[in-house]
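These notes open a run of structures that come right after.
Both of the next two complexes hold chain A, though its partner changes from chain B to chain C.
Entry: the complex of A and B
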C-alpha cells in the first residue's frame, strides 16, 4: 500500500534523484560545515516562549479589575508543568506589568490574566472576562478555550478561537491571527 | 531542469537549517514568533514513556548506553541487560539467550529490528553474524524478558529483543566514523541525511569493518575472521499530519569464517574444516501508520527479506515475506488493540553429507492474530491487561497463547506488576532435517533424524515485578519469574539401521521428540543511580536456576540444556562526565560458570575514554577484556553445533566520529 503510494508519485521520485545528485555534489565540493542538524529544544521551553509572545500581541480589556495591579499573573493549572522552563518568564513584562508565574487550582485561577492548563475541565470555570486560556488539550479551542497549542511535524502551532477571545474581551493583533489556525465555537473553521 | 532541482533542494536545506543554528535556550524568548514556529521540539517517544508502566520485565538500552559501553555490535550491547546471556563462540558467532537455553542456535527469542523479525525460520534462532546496522543509528534496544509484552510472533518464549533505529529526521546532516585497533582491525561508516521538502526525511548509510581472528586454545590465530560491508537507507515521510510512512532497505555481502568439526566415514573419522561462510542478503521494509483520531490509530507493515549463506555443511537461500496490521483504539477506560499477520518463508537448501534437508525446497508459514484489552481501574491507578495471541502454523496447526497482566501504581514513585502467560514455540524447518553429527569408528554414525510427529513446545510463565524511584537520582527495577516448561524437544534413541551409501555403515538414530519437561525460576535486578551530576552508576544482577526432566524411558542427559547458561551474572557500569568534554566509562561484567560446558566463571572489564574537542567531533579509545589476554566464553560442544570456540583476546581500538 505504502510502496504503491510512493511509487505513484513521480514528484517524489524526481526529488529523490535530485537529492542523490546533491549528495554527490556535496561530496565532491566538500561543502560540509554549514549543514548542521537543526538544534532541537525541549517542548516546555518552547511553549513558554510561545506563550510569552502571545501576551505581547494581545490587549487585555481596560475594565478588567486585575488590570489595575502591577502584576501580570500567569497561572499554571493541572498536572505535569515543568516549572524550571517557566523561570524564563522572569523579568519579562506585559505592557507596564511584570509577569509572575504560579501554579494554581482551578478555583483560584480566577485571579489570573493568563491560565495555561493541562485539563479541558478548566474551560467552563474560566469563561470569564479578561482571562486568556491556553492549553494543549486537543479540541480545547473548539470547546471554548482561547488558544490551543498543537504540534505538526515536531513544530509548535496554535489555534485561536476568535469567539472565545471576543467573549473574554481580548483583542488579538492581526499579526498573531495571521499565523494562527482560526476556529469558532464548536470547531468550525473560518 | 536538473540544476534547478539541485539548487531548489539546496535552498530548502539551507533555509531549514540556518535560522535555528546554535541558539541558546534563553534566546528563545528573544526570537520572533515566526522564528519560533520553525523550531523543532525534542519529542519524547510515547512508547518509551509507556515502558515504565508495562506489566512485563523490560529493560531499555539507549544510544548513549551503547556508545559509552564501547559496543560495536548489537550482541556486545546486549551484555548490559539483566537476564540476557551473551557468550562469544568465535569472533563472529555468539550464543545469546534470555533466562536459559543458551547455544549457537538457541531458539526461544524473538528478535526484531524496527519491528521486522530477524530470527531465521530455519531453526528459530538468530544468525547474529549478519544482524548489524550503523551502530550510531540505533536509538534504543528494548529487551523484554519472559513472554511478556509481545503481541506478535511464535518465538517469543523467553524474551523479545527489539532494536529501534532513529527517525530519519534525527539523523540529518553527515556523520563519518572511522577507527581501528588490535582485534577490531578497521571499521568505518558514512551516513548522510537530508530533508526532502517539508515533511520527508531521508538517510543513506554505508559501513564496513574487518575483525581479525580470535586465538585458539594454544594461543595461535583461530580461523574466524569476519567482514561484512553493508549499505542502506531509511525514509520517513508524513503525507499528512495524521499519517506516517517509513521505508527502509539494506543490503550486505561478506564473509564469516569458522572452524567446524565434521564426522566422516573414512579415517580420521572426524575432521576440523576451516570454512569461510559467504553471506549476502538484504531487506526492504515499509510501514504506514495512520491516526484516525486522538484515540484511534492503525498501522500496517510489510517486509521482504532475502538471505543467502554458503557454509561447508549447508548452503541455503531464504525468501521471507511478512505482513501485519494492527488497530488500536481507546474507548472509555478500555484500550483495545487487535491485529493480524502473515509470515511466509520459501527456502532452497544445498545439502552436504552432514546436513540433509528433505525436501530441499519448501514453503511454509504461519498466520497469527491477537486481541488485547487494557482496562484501567481505580482512577487509572491500576491497569489490567487481558489478551491472547492465536497462531496457525504449517507444522502444528492451531495454538492459543493467552496472557493476563496487572499493573498497579502504589504511588507516583512505586509500581507493582504481575503476569501469567502461556506461550508456545512451534517446531521449525529443523524437523525436516537430518544431521550426521558423530562418527564412531569405523562405521557407525550417530544421526538426528527428521520427525513429522513433533508438537509445539509449551510454557506457562508466572512473573512479578516491582519498580521504584525513591529519589530523582535513583531507580530500581526487580523481577521474579517462574517458567513451567512442557513438551520441550529432546532426542531419544531409535532403532539402529543399516545404510549402504556412501560407504556401508550403521546408523544410530536419535529421534526428536517432545519429551522434556521442567521449570526454571529466577530474579533480575536493575539499579540506576545518578550519584553526582557527573557520575552515573548502573548495576545489574540476574539469577536463574533450571531443572529439566525427561519423561519416563528416555535417557539422553537433560542437564545438557539446563547447564548451558550461568546461574548468576552481574555487571556494574560507571559513567563519568569529566571536565573539558571528556567522558570516562568503566564496564565490569561477571558471568557465572556454565556447568555443562566446563566453562569457568569469567570477569570482563571494558574501558572507554572519549573526548569532544569540538561539538561536531568525538575521539574515543576503548579497551575490551582488559583483565585477560584470552577468555573462553563458551566451549566446543553440541551447544556450539560443532563450531570450534576461540578465545576473546584483550583488545584496544580507537574511533573518531565527525558530524558535518
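Entry: the complex of A and C
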C-alpha cells in the first residue's frame, strides 16, 4: 500500500500525520545536530583565518626577547574554543616564527604573542607589551582590547583599538586599518 | 622607357639619381624611426600597465583575505584616474569573480594566467595578488591601445611633411651641384660631336675645371693634335703611293703578256702529251695481244715437243724451253699490268666472291713450295669475315699471290701466315689482309725502295731469288685502285709484315650459311689441339672458338697426354684430339699410339693434320686409329665438316680424297669375324658413313638401345647371340618406343640357300647381303636402304681392274674389289686383310676343326667350316670356299668319311693358298 493510498483512508490519515511529524522531527534532529555542529566549526575556522591574516598586517615590537623567540605563541583562553579549528595554524608562520597554539587560563598564560579570549574579565591582565589581544566579547575594543570581532549580516567584521595597539607596541598596517572600524580608548569609534 | 632614360642629359640623369637616392634614404629613415617609436610606445604602455597592476595588487590583497568586497571595489575604482584604463576585475583565490571596475561597457571577464593579452583595441594584463608569498587572487586590468594608433598616425603625417620638405631641398641642392659636373662634360660632348660631323680637327676644348674633367679635356686635345698630324702625313703618303702604283701597273702588264705567251706554249705541250699517252695505251693494248700470240706458240710447241718421244737430253732441253717460256710470260704479264696501271687503264671487275676461298686457295697454291723449304704456311680468315663480298677476285688473287709468293720466296725457315679480318668503320666493312713471314726481312733504308719499279733489295737478292721486281709495285697500285694502301713493316733478319685494308660491301649469301650447326653439337665436343707451332694452334683455336667449341691447346705430345689425364680426373675428358703430324719429339702418329693404347682415352676421336707432301705421314695415312685426316693448308670448311660430321653440299662431291670423312648415316656393324669387320668398315667409311662395330648380337641389342642407327648390318651367325635372335630382340625393343622406329637390318650371310634367307626375313630383317661383299652389292643395299641415290652411287663408283687369275686357288678379283674400296689405302687394306686371314683366322680355324674332328663333333665341324668359308671367300680362296661349303652341309655322322676327306683337303688347300697369299703380300704388285 502506498502512502497516498494510506492517506486516502480517513482513520489512517490521522495516524499518518503523527507518524510523519515524528519522522520530520527525527530527521531534523538528525541533520541539524551535525550541521549545527559543522556550522560552529566553520565559523571558528573563519575566525582562525582572520586571526592568521591579522598577523600578516601587524608588526610585533622587536625587543631582544622577542628576537630570540623562535615560536609565535597563540594562547586560547576561556571556554568554548573549538580547538580543532586551530589545527590549520600548524605549519604557518608569522615572520620567521612558527605558530604554536595552546589553551590556557588567563593567569597562567605565559609568553603569549597573541591571546584569543572568550572572557572579558581578563583584559587588564592581558594588557602587556607585545601581546595582541583579540576577542568576540562586545565592547572588548572599547575596553582596551586591540581587536574585536563581530558579525554583521553574516559577515565577519572587526574593530581595532588603535590606542591599545600603540600601547602594546604593535604596528598595524593601513591596509588592515582601512578595512576595520577604528576605535579609541573610551569606546568612541572614529 | 629605358631608352628615354639613356638619352637624357647627364644633368637630368644626375638629377634623377640624386633625387632617387635622397628619397629612398629618407623613406627608409622615416619608416625605421616610426617603427622604433611605435615599438617603444607599446612597451612603455605595457610597463606602465604592469606597474599599475602591481601597485594596486599589493594594496588590494587585504580586501581579498578579509573578504571586503566593498573596499576592494573602491580600490579598483582608483584606476579611473587613467582614462585609458577600460576596466579591471579582481578574482579571488579560487578564480571566482570578487570585485570589478569598468569605465564603459562591461564585458564578462574570465580568469587567465598571469601575463599580457592583446585584444582589438586594448591590452589585458593579469597579475597574481599575493600575500606573504601565497596567491590570494588575480587582478586583471584592461587598457585601451587606441591612443597608440592615433599617435602613430600623427607621427606619420609629421614625418611625411618633413620628408617632402627635405626632398625638395635636396633636389634643389643637387641641381646646383650637378651643373658644375655636367657642364664641362656637355661641352666636351658637344665639341666631339662637331669634330665628327664637320671633320674639323682644329677644334679644341677648354681645360678648366675638375681634375678628371680637365684631364679628359687635355687628353681629347692631345688626341686631336695627333689625328691632325697623321692626317697630314697620310696625305703625303697618298701622293707617293699613287706614283708607285703607276710604276707597278706598268710592270704587271709586261708580265701578263709574258704569261699569256707561256700559257699558249703549255697548252700545246699538254695536247701533244695527251695524244702521246693515247698512242701509248693503244700500243699497249695491241702489244698485249701481239706478245701473247707468239708466246702461245712457244708454249704449245714446247709441250708438243716434250710429248713427241724425245730422249732424256732432248726432254731436258724442251723442259728448259718451257720453263723459260713460263718465266718470260710471267715477266711480260707483270710489265703489261704495270703499264696498264700507269696508263690508268686498269679496271676492277667487282663480283661477289668468297674471301675465305680465295685465301685458302692461295695458301694451297704456295703450300707445296713452302713445305719443300721447311717453311710452314698457314692461313686464316677470322670470324667476322662475311661469306661473300664485292671485289675483284682476279686482282685480289694476284695481289695476295704476289705477297704470299714473295713471303715464301724470301723465307728460309719459320712460317708464313696469311690473314684476313674485318672491322666496321663508318658503316662500311673494312677488310684487311696481312701476310706475315719470318724471312730475311727488309732493311729500313730499303723499305721505301721496294715499291719502286724494277728495284729489289739489292742486286744479290735478284740473283738469289729471281723475279722482275715489278710485283710489289703492281700490288701496291692494284691495292690503291681497290681503295686501300699497301703498308709494310720489316726488320732485317726478322721477317716482314705486309698489310692492306680495303672497304668492301657485303653480299647476301643466297644459300644461307653453309656452315650450320646446333649448340648441342658444339657443346658435345671437347677438343684438344696439339701442335708445336703457335700460329697453327692459334688458327685452329680461332675456328673452334668461333663455333663455341670448348678447346685447349698443347704444344707437344707429352704435355698433351698429361692434359688429357688431368681432364679425365676432373671429369671433363677430351673427346677429340686434333694432332699435327709434324712435331719434334713425339710426332702425331706416335701421340696417336699413346692415346689409343690408353684405356682411359677410349672413344676419343683423333684428327690428324698433315701435309700431303709429308713423306712420314703418307706411309701411315691409312692408319685406322685416325678417324679424320686433314691436310694442310687447313681449310676452315674442311675442319668444320670433320668436326660436325657433315657431308659436302651439292655439286661438290669429291671422290675419296685423303682428308675428308663424311657421315650422312650411322651404321651398326654386327660381325664377329675380324677380316669381315675390316672389309665392311672400309667400304662403309669409303662411302662416308660412320660405323660402330660390335662382335655379337647381345652387344648389338645394347647398342640399339643406346642410340639410333640408320642401318644395321647383321651377321647371322655369331657366338653368344646370333643375328636372328638379336634382330628379334631389336624389333621387340623398337615396338616399345613411343615413336615408331624401324631400323633397316641387313643380314650378312655366306649362306645363299633360300630357306636361310627366309629365316632371316622372318626374324625381322629387311634385306640380305651375301658374303663376300662386293662393292656393287654393298652399293646396292646401301643405296636402297639409305636413300642417298646418286651421291652414294658416285662415291662407290670405282673401276675394278681386271687381273689375271692367280690360278684357281686365289681369285684376284676378290682382292681387287677390296683394294678398290679405297684407291689410296686399298693396298694397305688388302695387306691387313691377308695378314689377319693368314696369321690369325685360318691357323685358329684349322686347329679348331682338327680338334673337333678328333672328338667327332660334327656339329662343331660344320660350324667352323661355315666360318672358314666366309673368311676364305673374302680373300678369294675359291677352292677353299667350295670345300667348306660342302663340309658345312654334312651334318650327320653318315658322312663321316667324306667329312674327314674334306678336312684334309681343306688343310692341303689352305697351305697352297697360304703360300700364294704370302707371295702377294711380299710382292709390290698388289
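The working rule: the second predicted complex is superposed on the first by the 145 of 190 C-alpha atoms of A that agree within 3 Å, B and C clash if a C-alpha of one lies under 4 Å from a C-alpha of the other, contacts with A are read in each partner's own complex, and residues count from 1 in each chain.
One rule holds for everything that comes next: a contact is a pair of C-beta atoms (placed from the backbone, for glycine too) under 8 Å apart; a residue touches a chain by one contact, two chains touch by 3 or more.
Note that the structure is a prediction, hence the values are computed from the model and not measured.
Novice: Would you check which partner chain A:152 touches, where first means chain B only, second means chain C only, and both and neither mean what they say?
Specialist: Touch partner of A:152: chain B, not chain C.
Novice: Report for A:138: first if it touches chain B alone, second if chain C alone, otherwise both or neither.
Specialist: First partner only, chain B.
Novice: Quick one: classify A:88 as touching chain B (first), chain C (second), both or neither.
Specialist: In the superposition, A:88 touches chain B alone.
Novice: One more residue to check, A:45. First (chain B), second (chain C), both or neither?
Specialist: first
Novice: Residues of chain A touched by chain B versus by chain C: which partner has the larger set?
Specialist: Counted on chain A, the partner with more touching residues turns out to be B.
Novice: State whether A:179 touches chain B only (first), chain C only (second), both chains, or neither.
Specialist: It touches chain B and chain C both.
Novice: Under the contact rule defined above, give the chain A residues that sit at the interface with chain B and also at the interface with chain C.
Specialist: In the superposed arrangement, which is not itself an observed complex, chain A uses residues 49-50, 53, 57, 155-156, 175-176, 179 for both chain B and chain C.
Novice: For the complex, which residues does chain A have touching chain B?
Specialist: The contact residues of chain A facing chain B are 1-3, 5-6, 12, 14-23, 25-26, 32-43, 45-46, 48-50, 52-53, 57, 88, 92, 138, 151-157, 175-176, 179.
Novice: Residue numbers of chain A touching chain C in their complex, please.
Specialist: Counting only chain A, the residues touching chain C are 49-50, 53, 56-57, 155-156, 173, 175-176, 178-179.
Novice: Would you mind writing out the residues of chain B in touch with chain A in their complex?
Specialist: Its residues touching chain A are 2, 5-6, 8-10, 13-14, 16-18, 20-23, 25-26, 28-29, 31-34, 36-44, 169-174, 192-194, 196-200, 202, 204, 237-239, 241, 245, 247, 286-288, 294, 300, 302, 616, 659-660.
Novice: Of all residues in chain C, which touch chain A in the complex?
Specialist: 59, 61-63, 65-68, 71, 131-132
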